[in-house]
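First up is the structure itself, then whatever we jot down about it.
Chains here go by letter, A, B, C and D, matching the order in which they are written, and residues are numbered from 1 within each.
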Amino acid sequence: MDAEKRLPFASDYQQGAHPRILERLAAANMEANPGYGTDAHSDHARELIRTACNAPQAEVHFLVGGTQANAVAIDALLAPWQGVVAADSGHVSIHEAGAIEACGHKVIQFPEKDGKLNAADVDAMATSWEQDENHDHMVMPGLVYISQPTEYGTLYSLDELSALRATCDAHSMKLYVDGARLAYALAAPSNNVQLSDLARLADAFYIGGTKCGALLGEAMVFPKPSTCPHFFTLMKRRGALLAKGMVAGIQFETLLDGDLYQQIGTRAVEQAGRIAQAFQTAGCELMHPQETNQVFVALDEKRYAQLSARVEMSFWEQLADGRTVVRLATSWATSDEDVDALAALLGGIVLPGN
Amino acid sequence: MDAEKRLPFASDYQQGAHPRILERLAAANMEANPGYGTDAHSDHARELIRTACNAPQAEVHFLVGGTQANAVAIDALLAPWQGVVAADSGHVSIHEAGAIEACGHKVIQFPEKDGKLNAADVDAMATSWEQDENHDHMVMPGLVYISQPTEYGTLYSLDELSALRATCDAHSMKLYVDGARLAYALAAPSNNVQLSDLARLADAFYIGGTKCGALLGEAMVFPKPSTCPHFFTLMKRRGALLAKGMVAGIQFETLLDGDLYQQIGTRAVEQAGRIAQAFQTAGCELMHPQETNQVFVALDEKRYAQLSARVEMSFWEQLADGRTVVRLATSWATSDEDVDALAALLGGIVLPGN
Amino acid sequence: MDAEKRLPFASDYQQGAHPRILERLAAANMEANPGYGTDAHSDHARELIRTACNAPQAEVHFLVGGTQANAVAIDALLAPWQGVVAADSGHVSIHEAGAIEACGHKVIQFPEKDGKLNAADVDAMATSWEQDENHDHMVMPGLVYISQPTEYGTLYSLDELSALRATCDAHSMKLYVDGARLAYALAAPSNNVQLSDLARLADAFYIGGTKCGALLGEAMVFPKPSTCPHFFTLMKRRGALLAKGMVAGIQFETLLDGDLYQQIGTRAVEQAGRIAQAFQTAGCELMHPQETNQVFVALDEKRYAQLSARVEMSFWEQLADGRTVVRLATSWATSDEDVDALAALLGGIVLPGN
Amino acid sequence: MDAEKRLPFASDYQQGAHPRILERLAAANMEANPGYGTDAHSDHARELIRTACNAPQAEVHFLVGGTQANAVAIDALLAPWQGVVAADSGHVSIHEAGAIEACGHKVIQFPEKDGKLNAADVDAMATSWEQDENHDHMVMPGLVYISQPTEYGTLYSLDELSALRATCDAHSMKLYVDGARLAYALAAPSNNVQLSDLARLADAFYIGGTKCGALLGEAMVFPKPSTCPHFFTLMKRRGALLAKGMVAGIQFETLLDGDLYQQIGTRAVEQAGRIAQAFQTAGCELMHPQETNQVFVALDEKRYAQLSARVEMSFWEQLADGRTVVRLATSWATSDEDVDALAALLGGIVLPGN
């Protein structure tokens, strides 16, 4: 381990793209493609996504990043008098610099549990709005935002997702799933929500590229056609349309053509599992169940100082008892060597990598 | 020439990136970089840009595309009560789906001449606003938008640019230069406006990447520091912040490290010159002077039919006399073979390529 | 005539309200009404308006002022990807401080003739948009804005209005009529457009109160129900909902209960006719036909100086020949004495007032 | 008591205006005033407000209603990257249909206690934002919104207000006070915050008219000049500018010329005190201290049914124990007879009215 270079667990977007993506970009480099996502690669990627989602009528649009994807799609899905229901910990609630509000919509925030919204809580809130005789003076809850996996790396079960869908139906709300890290959900041993379930249950969701091995790009899926008319123009209006649309198209073509997206997810989840085990073996408490590629762990002062010097991690929060919560994230690029080195730092024993 | 494949002159963003860019992206692929433009490549690219602009204090931010760059920067430069002054033909006026208005600002449009605004006209308009006793009920002209080269491929001379700057100063307006195709301006034989002039005369401008050989990316330059406080957050709020910021950083590092940006421009302008000459030799009228990488030419019905079958061009407009105006664009990727093939179609004689 | 006090022809909103309105406000003052327009006066006013418009299904909402009415209704009528087509001289184009753009929509401006849009021009523009192969990158024309009478006091004939409606139908656009001064149109001898015509031909229009004898208030009429769902909440969201809704309701109840609105219009148009005649007799040129309550007249330097000292007028523009165009406006409050005094200043002979 | 007519305690905006206001409006009706708040009455009202606030440099603007006043002023006070800190119960948080968000800003909500924010909580939140290493991805807290009295009729003490000011200073935030019901705060026996304190401690506040005896109107006070440049145009842009500005000017002139505003407040607070006492005597629990003109009381099922049939009240919430919380509000128009009648219904003994 290079003393100068800390182990890279700060995020899942530190490296470039999975090598196969770079190869495909290079191979197509001299093609003369039409712009703005009308090229054959983008069309092929759309077809692969429709097939993977078992949603032959789905409309698919490629956006650049997660905040942009959320803002453009949620604004398109909402009427002007409606707002988004989200967990306090939701990306749209706190980590997008007010992008939803910049489009004119309120984020109606809820306390979360392990990063998740509960159907019963959402139902109670929507019912309360409906029964309030002044509700025409209030923002109508129009859409439920969740992320799969959540910002804490946890997963909605199929039952939980179905319950949210039923709640949305009962209150004429839309259901939107932020899949910035969807590869890691799909690859999680504890997961029972497949792409076809998302397509069946959500009004819109996106298959994350940036945090799942692409240079950039998020594939927004509207399972039912005409969900958002003129979405192309809405993307343009928000500066979200790539001139060289094939740059996104080729990447999703690569991720979905075969099982690369699954491979990327599986690899990262396994490495995260090894890391979680190493921390637990070392007596450190996990703050949330490690189900996907993120590990949230509480470190005492000494351990925090030791690791900070050698490991790139994300500071998460300070606990009242003096411990520091940090997040470690893995990706396709996480090497066995780096996981082993981390385990060695922790003095623990870890399962062999693959 | 493949009968199935038409000659690719539809735009300057049909191919991927200049090969050197792909090489550098591949070389850096396994580096663990911090996100959001805080990486060393982005910093290096910023430093190269400051040097090239002779603007050591300049702030530089990397955005993804032109419409986004314009909307985010212009919104940041304007007060809420101000609007943008632009030519009718300006990209912000007609081809950005209302992105400026989506940020709450009016585009105050002016008739253009060869795609350009005239300082005297702008001065008259601003004076008229100032003298109107009801001007507090009107949108204040706050910023002049021009593009270099213009949407018609023409160039502002240093005198014209200086006159616009003086007009802006006289009326407390800002001057913004859209450099989506700046490489082709800088490389034009008729150009006398250098990067350092832009940095001296404009409040903000961007060095175009997408249309000048990159996969994507535009480098916004604020020559004076603190021109737009919290621009990073404003980018995030508009969904314009790349998580993997190094993807833009590496590309601009490559373009500006050495003379690649100049090379790309020079090559394309020369090829456009050959194309313009071929058309003129064939008796076709150019609608605007060919100064950069775009050729606007009027074709009679027969010629239009002939070329449409063999050449990808952009339809521009229908003239009253029955002719069709089309646009041909060149780039780093324009081959001698394709230019020769076009010249052959036109039956003309062209200068040898290089 | 008081030497200190100039004759009040600056606008049609200089005085308070028609005395009958004040009486009715006073009479209802101690009633305990529910808020936000749900009171019996507002309901009665709505019913009177539906009857006057021969539109029994119409939805009617009371807003406070013209700019607000335009912005809230047009934003509600447009999809996010659409813009407003308006004359250069339209109130939404220049005298509302960018209120339409502040709601995110472009005003697509057209040259006017006597303040009016021409159906053929609008048709050509919409056709051009439809045929442009890049129109998904452009703002879709979604609504045609006109004012009746126009900002220059001129009138659309029923044929012209019908032609605009046909054009709107042909291009799936909505037709919106700004009736800030509608009383003066309805009372004009040259007018052949009745309230029922507006209700039949427009998707939305408002019956102006502020400039037609009320303290404030504009009655927005959506002839077809459900044209703008949740318009109440949209008004609230834009700060356009009066808590004491009866203040607007009582005023429109007064204006429409009987022929007060007609009386107010007739009186003002007659006085404007006398003023126009006095100017013409004095050899001054009218810039637009005087059809309603506004007189636009060009004054040479001497005449302008003479009148400015004695008459409140609105400066309109400076002509190249040195003359100044001013606007004089009349209202219910314009007295015979003041018109006579103006005529005396002009040295002309005027028809007796009534 | 008329069996058909219930006692009017639903709100403080059920009746028209204090009779003296109507008199003054009628007296000035035939004056020819300039528009948009440039008239002598508005100027006089501004001067009276400056004097009452001991703020000779203050800028004063008249808006129409509370939601509008909040949205226009807060949008003017905030930078685009900033949001509003408010209590969950704040008017901007829940009862303005997302008007703040429609201007592009997030409302960062906090749990309230008796409708109030606590300086320590605000300080902790702002500190947390400052210390978060990702805060450039988050909405910056830019302004603290409070209402005096609060939505629950409670009051900030001078100490509490000073503490909030200090917190704002410590974190470069602005302090904004919604004074929709300010007359009742100023008249409350428990109040120790005067207009001059507000002018000294707040960056902006408004003196409520609509809910304090006017037909409409709120007087926005910026104690320091140039706090919000071009506020006039910002009002216009949001449709908040009254053409007949004297309608607001005359009302505030009347309220502030002498002690009418104080009288109105005192009368209402006394009546609310009698009502609170009657409820307490009848064994009903007050949910918040009755300090101003609002009484929040929990009623058991039987009592609620009895009163609902005879009294107009506002439903507030359902308690888990089956009781219903209602709000009663008083105003200048609340008669002794109505309060006596309510007390009689409650079977209680009340202090004599005055």
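We take it that a contact is a pair of C-beta atoms (placed from the backbone, for glycine too) under 8 Å apart; a residue touches a chain by one contact, two chains touch by 3 or more.
Going by UniProt, the chains are A, B, C, D = Aminotransferase class I/II-fold pyridoxal phosphate-dependent enzyme.
The structure displayed is predicted, hence computed values, not measured ones.
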Pair joined by the larger number of C-beta contacts - B-D, B-C: B-C
Centroid-based (C-alpha) most distant chain relative to subunit B: D
Mean-CA-position distance for subunit C and subunit B (Å): 42
Separation of mean Cα positions, subunit D and subunit B [Å, integer]: 51
Junction residues of subunit A, two or more chains touched: 80-81, 96-98, 102, 104, 136-137, 233-234, 236-237
Of subunit A, residues touching subunit D in the complex: 80-81, 83, 94-98, 101-102, 104-107, 109, 133-134, 136-139, 315
Residue ranges of subunit D touching subunit B (in the complex, touch as defined): 36, 75-76, 79-81, 104, 136-137, 140, 229-230, 232-234, 236-237
Complex contact set, residues of subunit B against subunit A: 8, 10-11, 13-17, 19, 22, 25-26, 28-35, 64-72, 96-99, 102, 210-211, 215-216, 233-234, 236-244, 246-247, 312, 333
